[in-house]
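A, B, C and D are the chain letters, set down in written order, and residue numbers restart from 1 in every chain.
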Amino acid sequence: MAELLNLHDAVARLVRDGDTVAMEGFTHLIPHAAGHEIIRQGRRDLTLVRLTPDVLYDQMIGMDCARKLVFSWGGNPGVGSLHRFRDAVENGWPGPLEIEEHSHAGLTNRYVAGASGLPFAVLRGYAGTSLAEPGRTANLAWVDCPFTGERLAAVAALRPDVAVIHAQQADRDGAVQLWGIAGVQKEAVLAARRSLVTVEEIVDRLEPRPGSVVLPAWALTAVAVVPGGARPSYAAGYYDRDNDFYQAWEPVSRDRDRFLEWMQAHVLEAVPA
Amino acid sequence: MAELLNLHDAVARLVRDGDTVAMEGFTHLIPHAAGHEIIRQGRRDLTLVRLTPDVLYDQMIGMDCARKLVFSWGGNPGVGSLHRFRDAVENGWPGPLEIEEHSHAGLTNRYVAGASGLPFAVLRGYAGTSLAEPGRTANLAWVDCPFTGERLAAVAALRPDVAVIHAQQADRDGAVQLWGIAGVQKEAVLAARRSLVTVEEIVDRLEPRPGSVVLPAWALTAVAVVPGGARPSYAAGYYDRDNDFYQAWEPVSRDRDRFLEWMQAHVLEAVPA
Amino acid sequence: MSVAAAVAQGRATPAEMMAVAAARALSDGEVCFVGIGAPSTAANLARATHAPRLVLVYESGCIGAKPARLPLSIGDGELADTADAVVSVPEIFNYWLQPGRIDVGFLGAAQVDRFANINTTVVGDYDRPSVRLPGAGGAPEIAASCRQVYIMARHSPRTFVAALDFRTSVGFGAGAGDRERLGLPGAGPVLVATDLGVLRPDPETAELVLTQLHPGVTVDEARAATGWDLRVAGDLEISEPPTASELEQLRRLEATQRPQGAAGGGRAPHHETERSRDH
Amino acid sequence: MSVAAAVAQGRATPAEMMAVAAARALSDGEVCFVGIGAPSTAANLARATHAPRLVLVYESGCIGAKPARLPLSIGDGELADTADAVVSVPEIFNYWLQPGRIDVGFLGAAQVDRFANINTTVVGDYDRPSVRLPGAGGAPEIAASCRQVYIMARHSPRTFVAALDFRTSVGFGAGAGDRERLGLPGAGPVLVATDLGVLRPDPETAELVLTQLHPGVTVDEARAATGWDLRVAGDLEISEPPTASELEQLRRLEATQRPQGAAGGGRAPHHETERSRDH
């Protein structure tokens, strides 16, 4: 049953050094505030998992939270590179970053298998790519269809220690509702051993909405109220994406010192939500 | 792209003797009117597929439309037996009925594999049951997880020749929206080579609704307007389930002659929608 | 005393005692996967009495349904209208049942054997059945994947049989250790509530043992109604009779469901058991 | 003539000609899986001109999006708000892309080889890359499963290379017959639109051949911009220049997207190509 905690306590209790942490959000509802709290609490050696690591993971990598990144597309959407990610991969700064990379379809199905309680999932994918070269991609294998003999890709289930997502609303019992582009958030939560959902607000009743995903309180570990917790990404119905921020991140993140100054001023010295 | 047809023409064009036909609906939105039209047009040797064959399939079996039934639970919900189904299986009347039976989870995943363009799907199921005895259940096999070595059930993809479902609304282009309990209808349509959706009404615009499933027109073959097309089952927002009918079906269906009289009066001589 | 007389006097009928015994086994806050019929009645009785926060999950995709009246079928609009979430049938099986998120799975049965395996498929030979039953539905995976399973069945030698005609769902297979060997993740059946008493598996052998009798029922009656040589627990308990509140709530709930009436026809041999896992 | 001068005179820049060439290849009513950047621009241009019923599918789960402005990212609210349906990311890949329901998949590329294989992963050695690119995203399965694939890339020897540093997505693999051998269901790339012309695969060998030049471009320029010995079709065509309406619509669309501005920094070697399959 979901416990209602403040963000500091939720992160302190749920996220531990060395954990595999999935912070999902497909452009929409990216849990920036929770990521910043993880940075402030100085977590180390995390395996960060996300289909689309963008500015938030760039920040966490640059602040040396991560030992490893499991991902399928690492860029600043609509702008260009993730310079902290590139600096880690290309130059090992601030430390070496192990990577495990998949296609979106492959990593998505790793979550699906995890959410389904299965050890693996099957897909048509990877065949003929360099990702499929022997020894290149962890958690990728091949299975033969027992009916047709066709060879298909198999990906191992992903079971994060903790999944962190942001949603629009929770009710007083800790059930959560999100709407708009829902990405792979439900799967990340259901695949994970523990889960934290930050929300814009608590409401008396989750009014049914078109296209919404509802997660019952008994399927979650903790809920924390963090208004604006997805900024600079967006929360449908609450605020728009701050596209200027994503543009502005480009020059900030190009330079190690400028990056560190920015993080000091905007994250480390920020008042926790 | 979905063509807007009347029910007679839609069935005449889409459903052929010998076809594998999936008419889905989980208590809700069962496409009764389309099934009656198939009976009126005298289709034969169909392989009927459905998780929960109930009164409609009882009628189609009793009227000798079916050569085979693929299913996972065959009863009159809340009432008891399907007597025409039982008469076919127990006594071969009106003809022999081949059966392939699964669990709900297994048959559901046959549809999922079909909708996903995969030759099979994997699940934790069947182990230790008589369904898993060698040679008992077609389209059931076993695969070993390439990562853990665990043995799991595999079910072959189901690709019906035609899927028939009922929905609340279509727009003028033939996109369809249904809401309420959605069962496995999306998967049945996406798994099938052809699809027919009967709808309560055509609307100018499909207003987004909580919990709705939208199928774009380009994913469908035909749409037919059939108000009340799910009766005696129900259509959320339009009419309730006629529980009295399901009760009344019990004595009608127990007796072959009474059954045939009922079908003559209520289906064969009924004016097509 | 006739059933009608028992009801008239405010005393519990055997069927009511079965429902009450099953309902009492549910704890508040548990997540329960329920079929229509007796399991749904028992689960809703628990919710109306000691377990108001019991979470009901129906295989039609309704999670957290809070029906005001007993549903006649598992896809009733009442379930969708009162649910916390309605998901697709693939999702309910793959994301919610299969990973072991459900505390208690509730099953009915046409036949139960001494290792709590269940038949809901056929009586007689599979290819030439004397009675064709509805089949598996969600039961095999409910039996496999829920943390615990409760079974409800009327106690008769026709139902509690020495050998199943078909094993639709696995209880303990051939005995202790068989679930592990088969890779079934849940713990299996922990309780069989009948109209005569309650059976529980022996922790050593996994064989069902009579551990509880309903008031007024004798051990001999229970043994006579069982198709194998039923073992009886040394510390056999007698069920507490239903409280006034339990009976009142149960009858109120059942009154919300339309009576089956004459349309249901005569009591065909397996009519009851067929209904016990309707849908 | 400078780009600014071309725009000022109402004539098309090379990048605009590339967008127009790609847009023209789309037919009305087709279902198109689009990434952000150049493909999204071209697809929306087609929708604004000759293909008003083009169906745009974005991997964020937006089916039938009808954006009034060009989205900056693939998960823009504009896409969800205007879509016929918004589904989860697992559903978009498993139910919509994988089964081959999509007519045209649109891909950008950092490197393309003569068999239309694509690299969007690294420049240099995988373990010690000189440039770490964003990676695969949806591209491998778009390339595998769509009925046809269109590629868009600026024409330069750095992009059109003799050998990829990493094969992220398969065009024709090692040549004709390789897709079949690999079990890839779609037909593969049918068109590569560049800022110099259009390349199409030879039906026999699957090698990319220059079949079309944009106005004012010479064969020598195209060959010089290609890192292998580019074959030229015997019946080489010259692209029709953009019509006034095409240019007007393209510029209107691009004006709806906030200019990338100074924040984008200098033109780093692979900056363009990185953006070509952003997200």
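Note that a residue touches a chain if its C-beta (ideal position, glycine included) is under 8 Å from a C-beta of that chain, and two chains touch if they have at least 3 such contacts.
Treat the numbers as computed from the prediction; the structure is a model and nothing was measured.
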| item | value |
| --- | --- |
| Any chain that touches chain C and chain A | B |
| Contact-richer chain pair (by C-beta pairs counted) among B-D and B-C | B-C |
| Geometric centre distance via CA averages, chain B-chain A, whole Å | 39 |
| Inter-chain centre distance, chain B versus chain C - centres from mean C-alpha coordinates, in Å | 28 |
| Intercentroid distance (Cα basis), chain D paired with chain C, Å | 58 |
| Touching two or more other chains - residue numbers and ranges from chain C | 94, 98, 145, 185 |
| For chain B, residues contacting two or more additional chains | 117-118, 123-124, 150, 186-187, 211 |
| Listing of all chain pairs that touch each other, if any do | A-B, A-C, A-D, B-C, B-D |
| Of all residues in chain B, those that touch chain A in their complex | 117-124, 139, 141-143, 145-148, 150, 152, 154, 156, 208-212 |
| Chain A residues within the chain D interface of the complex | 26-28, 51-52, 71-82, 85-86, 89-90, 101-105, 108-109, 111-112, 123-131, 136, 150-151, 180-184, 186-187, 211, 213, 234, 236, 240-241, 243, 246-248, 250-251, 254 |
| Contact set on chain A toward chain C in their complex | 1, 115-118, 175, 186-187, 190, 206, 214-216, 218-219 |
| Chain A-touching residues of chain C, taken from the complex the two chains share | 29, 31, 55, 63-64, 84-85, 94-95, 98-101, 145, 185 |
| Chain D residues within the chain A interface of the complex | 36-37, 59-62, 71-77, 79-80, 86, 88-90, 93-94, 97-98, 121, 126, 128-132, 134-141, 144-145, 164, 166-170, 173, 178-179, 182-185, 258, 260-261, 263-265, 268, 271, 274-275, 278-279 |
